[in-house]
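Notes to accompany the following structure.
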Amino acid sequence: MPVNSFFNAGDMIRFLPEIILTVMGTLMMVLDPVLHRRSSNAFGLLSLFTLVAALIGSVYAYTQAGPAFGGMMIVDGFATFFRVLVIVVGILTVLPSFRFLARQDAETSEYHALLLFSIAGQCVMASANDLIMIFIGLEISSIASYVLAGYLRDDKRANEAALKYFLLGSFATGFFLYGVALVYGATGSVNLSVVRAAVTSANGPSPVFIGVAAALMFVGLAFKVSAAPFQVWAPDVYQGAPTPVTAFLSAGPKAAAFAIFLRIFMTALEPLGNSWAPLVWISALLSMTIGNFAALLQSNVKRLLAYSSIAHAGYVLVALTARSDVGTAAAMFYLAAYAFMNIGAFAVVSHLSGKGERYQAVDDFAGLAQKQPMTAAILTIFLLSLIGVPLTGGFFGKFYIFKAALESHLVWLTVLGLLNSAVAAYYYLRLLVMMYMYEPSEAATNAEPLSAGMRAALILPALGTLFLGIFPGWVLDFAGKSSNLVK
Amino acid sequence: MNLLSVVLFLPLVGFLIALFIPRSSPQASRTWALVISLAIFVISIGLPVMLDNSATGEQFGIDVPWIATPAIHFYIAADGVSMWLVMLSTFLTPICVLISWRYIQHRIKEFFAFLLLLEFGLVGVFIAQDLFLFYVFWEISLIPMYFLVGIWGHDRRIYAAVKFFLYTFAGSVLMLAAIIYLYNRAGTFSYPAILAMLSSGRLMFDSTEQLLLFLAFFIAFAIKVPLFPLHTWLPDAHVEAPSAGSVMLASVMLKMGTFGILHYCLPLFPSAARTCAPWIVVLAIIGIVYGALVSLVQPNMKKLVAYSSVSHLGFVVLGIFSFTQLGLDGAVYQMLNHGISTGALFVLVGLLYERNHSLAIADYGGVATVAPWLSTVFLITTLASIGLPMLNNFVGEFMVLQGTAIANFTWTVFAAVGVILSACYMLWLYQRVFYGEVSENVRRHIPDLNLREWAVVVPLIAMMVWMGVYPMSFLPPVSKATARVLDQAQINVPFKVELPRKVEVARAR
Amino acid sequence: MMTAVPISWYLTLSAILFVLGVAGFLFRHSIITVFMSIELMLNAVNLSFVTFSYQYKQVSGHLFTFFVMVVAAAEAAVGLAIILTVFKNHGTLNIDEVDSMKN
Amino acid sequence: MDVILFLIFAIIAVVAAINVVVQTHPISSAVSLIGVMGALAVLYLLLGAEFIAAAQVIVYAGAVMVLFIFVIMLLNAGAESKRGRSYIVQVLGVPLLIALLGLLAFFVERLFPRAVSVYFGGFTGGTAKAVGQALFTTYLLPFEVTSLLILIAILGAIVLARKEMD
Amino acid sequence: MQLWLIPLLPFAGFLINGVFGRRFSKGLVNLFGIGSVVLAFAWVLKTISGLGPLTSPYIEHYYTWIQSGAFSVNVDFAVDRLTVVMLLVVTGIGSLIHIYSIGYMAHEHGPHDGGYYRFFAYLNLFMFFMLVLVLAQNFLVLFVGWEGVGLCSYLLIGFYFDKQFATTAGNKAFIVNRIGDFGYSLAMFYIVKNFGSLDFSAVFQRAPGMPQDTLTLIGILLMVGAAGKSAQIPLYVWLPDAMAGPTPVSALIHAATMVTAGVYMTARSWPIYTHAPIAMEVIAVIGIATAFFAATIGITQNDIKKVFAYSTVSQLGYMFVGVGVGAFSAGIWHLVTHAFFKALLFLGSGAVIHALAGEQDLRNMGGLRKKIPWTFWTMFCAALAIAGFPGTSGFFSKDAILLAAYQHAPWMYWLGTLTAGITAFYVWRAMFLAFWGDYRGHEHPHESPPVMTIPLAILALLSLSGGFLFKVPTFLAGVFPAAEEVENMALMAISVGAGLLGIFIAYVMYVAKPGMADALAGSMKGLYTLVYNKYFVDEIYDAAVVNPTVEGSSLVLWKGMDAGLIDGIVNGIGSLSKDVGGVLRLLQSGNIRSYAAWVLFGSVLVIVAMGLGGGIR
């Protein structure tokens, strides 16, 4: 084992985004005492700069595509796609955070540092090719998220959310880890490529053993992506966490978790597909159904979007059920579209909720279209995308997913999924109805004008949603090219 | 420049520009909407003028790749049927602008913007040749209508708007599944290509497959038509919608359903269509009679007209599923007719509402005394609607029933009952609203037509007469297109008797 | 080897400890105890890792255990900080009383 | 000998673990947990994991558990209150636990790949040197990345637990 | 020959008066309204004179109306001898009635603006459609006129549109006619289905080769249409109510022209009927039944116009008998003579009503013979004609029908003769009540102006001499299949006798012994009530058809089916979804330990599924 592998330049480039994020995050902690902590956008701007740099870094890393650190990680299209995605999620989270932090009178440096670290963890997850790396990346992302969820430490709901997220998250991690241990026990390795080789080899371990290991890992992963029946935590956490953080949680960690979900199940465990596919099938259907139906009666917008997020996890699982490269590509595309529309929607919620996040009810959106037509119009785009109306990213996402599902002859899942999306239309419409068809509420009347950051935070995801809806080809082609994971 | 794409995109351009007109000058919004919609109409006249009636197939085609994988093209083209439906949309939009001139009193800018967006969606639905594109337009047209009903509607507008949206959306998701399935089987979304594959036998569906696909498409369309018993969204949507919304809804949106059945269901799934035809015909006939009977007892003018649409559209479906040239031509013609005459009815009901702020029949009476011209125009429209010869509906109804009779005479016997009933409900309505003693309220509030309103009704009346007296201005391109549909469906049921080539009649001189 | 212990015993012990950890999570009301139960679960998994490492005569299992310990330590720090804030705002350590958000 | 040692410490571990679960006072649970960890350390030694056994005692039983006890003391946490209940736990808890245990034990017993017996000294690759070597070669990346984890933990603890500074 | 000019002249009149009439003086309205009709009459005369003997139809083709696949319908006009008869009747009598209307409408006040121009516009429109009807060369163009005259009838019945009974009567007329049109349309559809064309020449040429069943069905369906338009059982109910319109309308539309369209159409379709004996039988039976049935109602009516209305129904029944028994030309002949005398009767009664300032009840008249002599004498002529007094026009045509009926089935003759007697009775009852005895009203009757009396006089002459002057059967000999010419003096004498007897009884009951009628009515109270109330047919229709339809639609279909069942299901799905959502929400108790239990629960399931289920390959 040559020690100088640490100095392998190629490996370092492949690890560039994580390095940038970590270094800059650390730098922020150092700068905290130097720069004035409050009433300054410095950290936010620095964070944005860092993320853009990491974005470039990711793209640059892709020029050196290949495994790194002895196969611990791998930079391929898939990894790059998710790295870029989580970094973009980071950017979209930072933008509304400016106004949010100022309004809540909260420290900025730690917030942004934690955000960057969390994203770094997600980048690790995106590129990891080894269960132990995956585990560590998952923990980095999660622990930073736990803190972010409870970032407003004087807010009871935030405390509660953080506690729930933390306890249940760790609980699920225990299951995941047990699964990893069993995989190690069954194959003698946790490297995904090696595991796959062992699983497919003639005198490999008993598939039942691997199956149990897969089941335990499935528990952990399904929990992280908030898929049924492990979705219970999501509504409470999403509701209680600060809104920009909720936006982040619903997109970043989720996308990264799906990345490892896909990578594990589509590479190492792909040979066992016949045994896990029914499981995912059921989970997908349960997620969609529970998410959509439970959302029908919600009066809190964040909670409503949380349930919607559960349902959307179900849609992505449909793509996984398809067990094909097309399905993987569809899931990737969907997660990208979902990131834009969901963060955008949460950004609007954040904008409207006011100091102390008082206005979170569906009723508070009443008459927004009259008071702030621009905000309402942009939220409309997100909601239409969430419903799945053409020319939005959400529609194409659903379209590709169900296309992949039909290609794999999942006719019933497709039909049930599409009917589910019709049910979902109802609760998104409630928001539209509120905004456009009622007289202005107190919240809409008191809504502050859009700040520059907030404007960018709304327009950017809206443009993204529309771009993915009108010109999905670019993203989809890349996803399609990257979906053929190393096996 | 491709004429069709100009007609398609001008409304979108109009919509985008309308978004940037300041809220503070509603007059500018109105004027802009009128100018652009009139311009679109004038340009769209080029379609029938330039249509080459000797050529077969779609015309004005333009095919631009849009998305690489899956291969989705921006592919539009028009045939005889879609061309007229596009014309119907472009014709009615300026009329809708005019009737909304004073009717809409708040959020004026948005209203006209949505109206233009609606036009964009509607035009697109009729000319899309790529199934995916078709679905895109199908959904796009839903959104502005949802807002038109939901924002500018009456008391129960929200219930109606949501019901409208969910009904249609629920139906269309199944269609989406079917479209995707078709793509997975055919490898393309291009509708002409799929048809070519079907007719060359390169693509075949077994009977179950075909039946399920057919139903997936058909249910989506049937909701839109709306076919009994999927019609209950319609009365609510109509009653609550503002005048212009009702007009566009009844005149053009419902045609999306019948157009879809004609244009997609029959050629794509001929044997399934044939298998289902008796059932669908039964539903259509029930719809005709049922719609008319329910219409008879409505206390609300708009609801009455809405149920009458259920009845009228039943004729269209009936004609389509007669699988005869006459029936199909009649069905298409009836679509256009219904667009004009029911559109006009909604316009006129809207004018009454604008004056008296009530849709209840009981609040009127004796209007003919105070507003003779309004009454005359309403009467002509009523007569058109009940199928008086030399007005438009008669031609369509005659052709549909005749086509149906050729296919199955028993169907005709039941369907023709609707013709009797239509006279009952429309004349009774007319009697209660326009005849009788004039109340003080009516006398005070209902003036006769003003100049702007004349500009609205005259084109409508002119179309009713033109289409009734000389339908051959419109029918030849339609026949061409429907003949192709029948041909593609390979189910052309010939006349039972050998026809003489053409009945030679002695001519004078 | 008469005195040898079947490796499955170790694994079974690991399973028992894991389940006991889960049981602690489910049945204890004190948030701190619940958190400790999670630590117990992680310890159980560690035993599995070490056991498998013995089986394969590899050191990698030990490394995993090591990493898990680090993770556990980090979790402990953050977790206890969270518990502190919860206690500060809610004034209770009873896990059942932290349920203001529901349905 | 191995069997006896295993049984002794296994029993200690299980009993202590049960004690963790049944004690209502957090401090009792914490002490019991330390017992579990100690017993596990011995078992690690039996499995040839010297370094890990040491780390278990130092890091886990030492640092982490001290942290726990510290917090328990800080919050002055007495015996837990029994208010509140979870019906689903009451109804399904025990059956589910038994099912989970049964399943895991069943699969471990039935499906363990090759029946290997453990005896002390059967594996000597777990020395600090061996671990260290692996850590700085093969597992360099995860090792470095865990430093980030520690950093987050510190930061998180600061963010959440510090008093308002000004 | 510009046949199109014939209908288009009145249409131009309609357009001009309809659009600008409100601003015109009455004189200008008269100019366009009456001028156009008179011009049309003149053009008819010119056309006829230019066409020569017309041994075969003269056809003009204008344009293709509807074409689809192999099917096409043209807008064609044609003239043959039958058309000539109709054209002359329509434009001739139409002109007279238009002229008469100048006087009659001068003092009528419709709602709003008096409606003088409106009246003439409608009347011109009617002329247009009626002329289209008779000129049509195929079933569809005929249907244009057919429906169009129905429309005008509707408009003119509802002329006083602020009066509810008038508009209701208009609706009733239109809707009942629609029921007839239903039959006519189905006939058209069936014709196309079997013949592939609607053109008269094509259809009639091929009719003999068609199966009898087909022709019978077509015949009966056409008969339904004719029954609606010509007010035959069971669709006659609209005609008596139609008297709500101004009296010239009753004369023109509801006596002389429109209502005879059914007879015309049936006669026109003779090639179908001659091969469908069952259909002919149906027509004859319905005709004779209507003739008798309506006549009986006529006995008891007190409204002078209602008497003549039932008389019209009855006389139309005669025409149907004529057509039904194969005496087509006799039927048409009666159509012509009936047009003379019935138009005269109506115009006369209009003059009476006019003289009495709107009074229509016979019980309030009496002794008018002296006060309005022109009116009396002209109506006297008509009354003689309708009673079949030898030598008058009615005598010839009625006799021809009855003789043909005897050939066909003697019972029809006897019933017809009885009806003739009743007819004579009730017409003369009306005459006696109105013109004899003492004046029972309050107004001061005054004679009508010449513009009204001159048309009356012309019609009186025609009523008396029409039978001599216009030997319609001879003129139409080439058109219809030759019917057997029969001379049976005995039967003729019997029918004449029946008519005279009817007059005599009426004289006895209403002039000689005035109390007798009431006494008779009192002695047969049940029967009288039944007949007086027109056998309660309207009430039965209401109870059996109209009310169940309206109530059923409202309660069962709308509120039950639509709002209840269908929307119930739709909304039910909605609320069920919400209920499901409500249950699912309960999973989210907020309790962390419960959540953990769910996670555990899921884990166990997943492990079981993976381990035991699909795991083992």
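So that you can tell them apart, the chains are marked A, B, C, D and E in the order they are listed, and the count of residues begins at 1 in each.
Criterion: a contact is a pair of C-beta atoms (placed from the backbone, for glycine too) under 8 Å apart; a residue touches a chain by one contact, two chains touch by 3 or more.
Remember, predicted model here, so these are calculated numbers, not experimental data.
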Number of hops, chain A to chain C, where each hop joins two touching chains: 1
Taking each chain's C-alpha mean as its centre, the one farthest from chain E: D
Innermost chain, taking as reference the mean of every protein Cα atom displayed: B
Leader among chain pairs (count of C-beta contacts): C-D
Approximate Å spacing (C-alpha centroids) for the pair chain B, chain D: 71
Whole-Å gap between the CA centroids of chain C and chain D: 5
Distance from chain E to chain A - Cα centre to Cα centre, in angstrom: 77
Euclidean distance of C-alpha centroids - chain A vs chain D, Å: 30
For chain A, residues that touch 2 or more chains besides their own: 132, 136, 139, 143, 146-147, 150, 153, 162-164, 167, 171, 185, 208, 212, 235-236, 426
Per-residue overlap in chain B, given as positions that touch at least 2 other chains: none
Residue numbers of chain C (touch at least two other chains): 11, 18, 21-22, 25-27, 34-35, 51, 55, 58, 60, 63, 67, 71, 74-75, 78, 81-83, 85, 95-96, 98-102
Interchain contacts, given as pairs of chains that touch: A-B, A-C, A-D, A-E, B-E, C-D, C-E, D-E
In the complex, chain A residues that touch chain C: 132, 135-136, 139, 143, 146-147, 150, 153-157, 159-164, 166-167, 170-171, 174, 177-178, 180-182, 184-185, 188-190, 235-236, 239-240, 303
Of chain D, residues touching chain E in the complex: 84, 86-89, 92-93, 96-97, 99-100, 103-104, 107
In the complex with chain B, residue positions of chain E that touch it: 1, 22, 56-61, 63-72, 74, 76, 111-113, 137, 140, 143-144, 147-148, 151, 154, 158, 161-162, 164, 167-168, 170-171, 174-175, 178-179, 181-182, 185-186, 188-190, 192-197, 199, 201-202, 549-550, 552-554, 557-558, 561-562, 566-567, 570
Touch list for chain E against partner chain A, complex: 574, 577-578, 580-582, 584-585, 587-588, 590, 592, 594-596, 598-599, 601-603, 605-607, 609-611, 613-617
Chain A partner contacts - residues on chain D that touch it in the complex: 103-104, 107, 111-113, 133, 136-142, 145-146, 148-149, 151-153, 155-156, 158-160
